[in-house]
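Two complexes are shown next, each including subunit A; its partner changes from subunit B in the first to subunit C in the second.
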Partner chain A sequence: MLFLQLLLQGLQVGALYALTAAGFALIFGATRIFHFAHGSAFTLAGYTFLFTSQAGWPWYLGGLASVGVATLFGIGIYWFVYRPIQRHEGSFFTVFVAAFGVGIVVQNLVGMFAGRGFASVDTPLSRATEVLPDVYLAQVFWVAIGLSLVLFLLLTLFLTRHHAGVALRALHQNPDLLRAYGLSSTKLSLLAFAVGSALVAPAAMLTAMTSGLNEAIGHHVMLISMAATIVGGVGSLRGAALAGLMLGVAEAVALSFVDTQWAEAVSFLVLFAFIIFRPSGIFGIAQAR
Partner chain B sequence: MSGMNSGRRALLGGLAVAPFVGSARAQSAAPYIVGTLFPMSGPNAEYGSVFTAGAALAIQHINADGILRRPVRIQAEDTQALPQQAVVAMNKLVSVDHAHYVLSAFTAVSKAVAPVGDRARTVMVNGGAVGPDLSGLSPYFWNVIPLAHLETQALLPFMIQRGLKRVALVYVDDPLGDAILGILRTSLPAAGGSLVGNFSVPRTAQQFAPVAARIRQTRPDAVYIASFGAQQSQIIKQLRDNGVSQPLVSYSAMNIDSVRNTPEAEGLIFTTQSTDFEGGDAVTRRFATDFKAQHNADPGTYQVNYYNAVRLFGLLAQSLERENAEVNGENLRRVLLAQREFDLVGGKGRFDDLGNMSAALQITEIRGGRLVKIG
Partner chain C sequence: MTAYLTNLASLGAIFCILAATLNVAVGYAGIFSVAHAVFFGLGAYAGAQVSLLLVPDALLAMLAAALVSGVLSLCLALPALRVRGEYFVAASLGLQMMAVTLFSEAKTVTGGIGGLTGIPGPRLFGVEVSTLPVALGALAVILLATALLMRSSFGRTLQAIRDAESAAEALGKNVAAAKALAVAFACAGAGVAGALFAMHMQFVNVESFTLDQSVLIMAMVIIGGTGTLWGPLVGAVILLSLPAGLAFLPFIPSTEVGAVQQVIYGLAMTLLMIFRPAGLVGDLSRGKSHA
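Up next, the complex of A and B:
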């Protein structure tokens, strides 16, 4: 029963990791910008949901506000930070340092305005009840799994059936050809940041209900997103989502076999194993040199 | 007549400026530097604000009272509660800022900076960390907070009396967590209880639902949480959310707003220092009144400790100034060991040979977001 319990908890956490990792992978895949401040979009979305909840807003309005803030942050950081840097110099490393700086600024601003401590959204959805002997499950489990499935279905439809989605994939594969066809890479990059950042909002809201928030939570989110992107295969959205789910499950199920302090280490053992034995990731394409 | 007038003018003028002479002299001299090694960012930043509030009020009182010839000022360094950052900050404080006195916190941080302070003979005072091996860390490392072994000594008989004999421990993988594990391993059986499970968690861990599943399997009577910062509220919430309904017990690190405001922390039992703010002495009442006026909230244990740490510096430095002796680590230690007893918030503070201050402890429970004394 312990294994089943851990598996269910791993699926719930993994679903949230999958959403954040997919957002990061979408942005990185389309624009090749190492968006380290992706964790900040998560933090801002989570705190927006927290404040609207404390202000007595209905959950759906709070959710919309949360999605809106994450989306605006994504668009804003591309327009006001990454784009000017790319226009002048465009070094990958400069953009990375800028993103890192934005992450620190956001962390400190959140700490100044929201307080430097733990905060959570109090909801009965996160209270688990015994569904089987010694197996506890909260309603939020079904919300996390259901929401992730719906969002991935919508995202897949968007990327395969909608012109803008197809163009986003093209931006990843051949930006020069895309421009030759008269499409704007800037507009498509904005779209990638908007959609990728919006994807973290549901995960941030559910995290606010389950494990809670603190100003520094963005770093952990980023760590998981990076690991999932590498394990899934750089540039592969479904790979990142699957790897996020895998990391969440591995982190939880590992406790059946190892001591609790090794739970996080297991995630990174998975990462190392992929780097060594399959550097291109689950769905990555091996490149000959 | 004119001579008399000019003499009277001079006397009146002298009387008029007399109250300002002391403060002007204090302001003109280079200030005494009190360095702080607190987490001002990261998941433990809440403590940094709490600690600084106590220290800042003490400095305000020392400067306002003019008890020293030189003003006192804080030089804050952000450690993020991490030993590596703390060592860099401590080196800066002793080598660049020439700090006269340093306030430390967190067991891992304190253990990391103690050798630096020891070499520089700079006094370091801890008012927030409770690892038992902080006692006697260096002749220049003092504690104004009861350490963990004293807290568990107070808590364990209370738990056994309530029938909370089978204890599971969740502890942070850090010198503090390791120390509490060591204490419970030896003290619990001696008190008539047993440690039925111990679960170490990394400092960066955020997910505790799987840990809750492992804890439930041990069928404990109570769960002891030995962590700090944002993580301890996360542990409380996730244990409660995931079917751990047994009483939760802990130590003084739980005495922060974010824990008290967590709904799942209702019923949490932990040890704190006992301070009578209303019926206490003049020093205690002044501290409580001014703190409430400034922060619109009652002071907590950590604010008391860091107020006391800085006030202690004021009293020791005052003694040295009277002797016309230099205010440095060696002389501060000499005066501390010579006097031993000081008027601090909470009453007389008494120091032993290792520089540890004794303090009364009480057992409290969170009820409706407030601390209620239960033992």
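Up next, the complex of A and C:
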């Protein structure tokens, strides 16, 4: 029964990983920017939700504020950091270092103003009940799974049915042709950052309700999103989301074989193996070398 | 006060070695490793174990450390040969995260979180010496080797690979061997720094070899200027004197000094990448094209 418990826990964590990974993959796929500060959007969204709920706001207002903060952060970092760098043909490493710097600043500012250590939002949703003998499940589980399914469905519809979504996919495939057709790649990149960053907010809120937040959590989120994007295959949202789910399950299930402190190492072992043996990922087109 | 300054200078020399060797990988070979602290750690543990179990000789410890780090640098060279760009950064991040877990769990070799204590100080041929001259000597040797290597045909090959890998390969350069050698040189250098660090502190634990340390070393190289001989040293001195300098500012509460320092170097990294991507020492015109 321990195995089933761990599996369910893994699914819940994996659903949240899938959301953040889909956001990262959307941004990386459309704009080719390795958005290393993606985790910072998560941290900011999570703490916004935490503060608003401590201030007594109803959850939907707090949720809206949290989505807003994440979106604004995504737009801001593109406008003030990535765009100036890309203007002077910055290489990927320039972008990476700049994003890493932003991540460090956000982590420490949050640590200074919100305090260090774990903090969580207490809701009746996260109270576990026994559903099977020795298997405990909180309602948050269904919320996490349902929310990620709905959001992923909406995202897929947006990318395949809506004009802007189709344009985003075109930006990924051929930015020059896109510009030749009179579409603005800057506006579309902003859109990608806004949508991709907004996707982390629900994951951040649910994490705040379940395992809690700390100021360094963005780091972990960023590493997992990056790992999932690469394992899933760059350019494939489906792959990233699936790999995120898989990493969450692998981390949890590994706990029945090894100790807790190895959980994160399991994710990186998977990533390392993929990079060496199949750098194009599960669904990717071979393009790494 | 003298002891404080000597300590700071010794650490400065050790971090200069780290930054200078990482620069060989990042600046000359275009291998953007964020796992340099792993090899720093491997060297530190190797040096510490040699001093604890065999003889506390600085040269022997540094040699053992360089060997261990150099051989295990294969873990980094392997992904470097397979992928590049974002993928390699991701692979080295993965290596860094796994190594930290390994360092804190392999208790027989590394002492786990508690670390290794009572490491004897550096000795040369049985005579006790202070770390500073040894570290400065090692730094000088490494800088000289770097300068000579980068002017040799090997160095030119590396820079050619960095700028246009396919072109270098088409000209018959052995890309795989050159990359592997550059990584081995960089990691062996980090190992030497690790052995010196272990003997200087007389105590090592996993806290010194985390991702934060790797990023700090990377920031030193970037802020100073990649692909220059002196840039990494400038970066190392600036970033190391930052905490010492901030400690003297009265208006920052002492509990927040660490965070303020991190914010400053995070900001410095971001702003520098926006306005001067080649670093402080780097050539601006070169930086514009591909830094």
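Please note the rule applied: the second predicted complex is superposed on the first by the 282 of 289 C-alpha atoms of A that agree within 3 Å, B and C clash if a C-alpha of one lies under 4 Å from a C-alpha of the other, contacts with A are read in each partner's own complex, and residues count from 1 in each chain.
Note that in this section a contact is a pair of C-beta atoms (placed from the backbone, for glycine too) under 8 Å apart; a residue touches a chain by one contact, two chains touch by 3 or more.
Computed from a predicted structure; not experimentally measured.
S.K.: Determine, for the superposed arrangement built on subunit A, whether subunit B and subunit C clash or fit.
M.R.: When both complexes are placed onto subunit A, subunit B and subunit C end up clashing with one another.
S.K.: What is the contact status of A:264 with respect to subunit B (first) and subunit C (second): first, second, both, or neither?
M.R.: both
S.K.: Regarding the shared-chain residue A:179, is it in contact with subunit B (first), subunit C (second), both, or neither?
M.R.: neither
S.K.: In the overlaid three-chain picture, which partner chain does A:102 touch, first (subunit B) or second (subunit C), both, or neither?
M.R.: A:102 contacts subunit C only, not subunit B.
S.K.: In the superposed arrangement, which partner chain does A:92 touch: subunit B (first), subunit C (second), both, or neither?
M.R.: The answer is second: A:92 touches subunit C but not subunit B.
S.K.: Is A:117 touching anything from subunit B or subunit C once the two structures are fitted on A? First, second, both or neither.
M.R.: Touch status of A:117: first partner only.
S.K.: Taking the superposition as given, does A:226 touch the first partner, subunit B, the second, subunit C, both, or neither?
M.R.: Touch status of A:226: second partner only.
S.K.: Looking at the overlay, what does A:162 touch: subunit B (first), subunit C (second), both, or neither?
M.R.: In the superposed model, A:162 contacts neither subunit B nor subunit C.
S.K.: Taking the contacts subunit A makes with subunit B in one complex and with subunit C in the other, which residues are shared?
M.R.: Subunit A residues touching both partners: 107-108, 111, 261, 264-265.
S.K.: Looking at the complex, which residues from subunit A come into contact with subunit C?
M.R.: 34, 81, 84-85, 88-105, 107-109, 111-112, 219, 223, 226-227, 230, 261-262, 264-265, 268-269, 271-272, 275-276, 279, 288-289
S.K.: Give the list of subunit A residues in touch with subunit B in this complex.
M.R.: Going by the criterion above, the answer is residues 2, 5-6, 9-10, 12-13, 107-108, 111, 115-120, 122, 126-130, 134, 136, 138, 210-212, 214-217, 220, 251-252, 255, 259-261, 263-265.
S.K.: What residues on subunit C touch subunit A, complex-wise?
M.R.: 26, 32, 78-79, 82-87, 89-91, 93-95, 97-98, 101-102, 104-105, 211, 215, 218-219, 222, 256, 259-260, 262-263, 265-271, 273-274, 277, 288-291
S.K.: Along subunit B, where are the residues that touch subunit A in the complex?
M.R.: 41-43, 45-46, 48-49, 173, 199-202, 204-211, 213-214, 216-217, 229-230, 232-234, 237-238, 240-243, 256-259, 262-263
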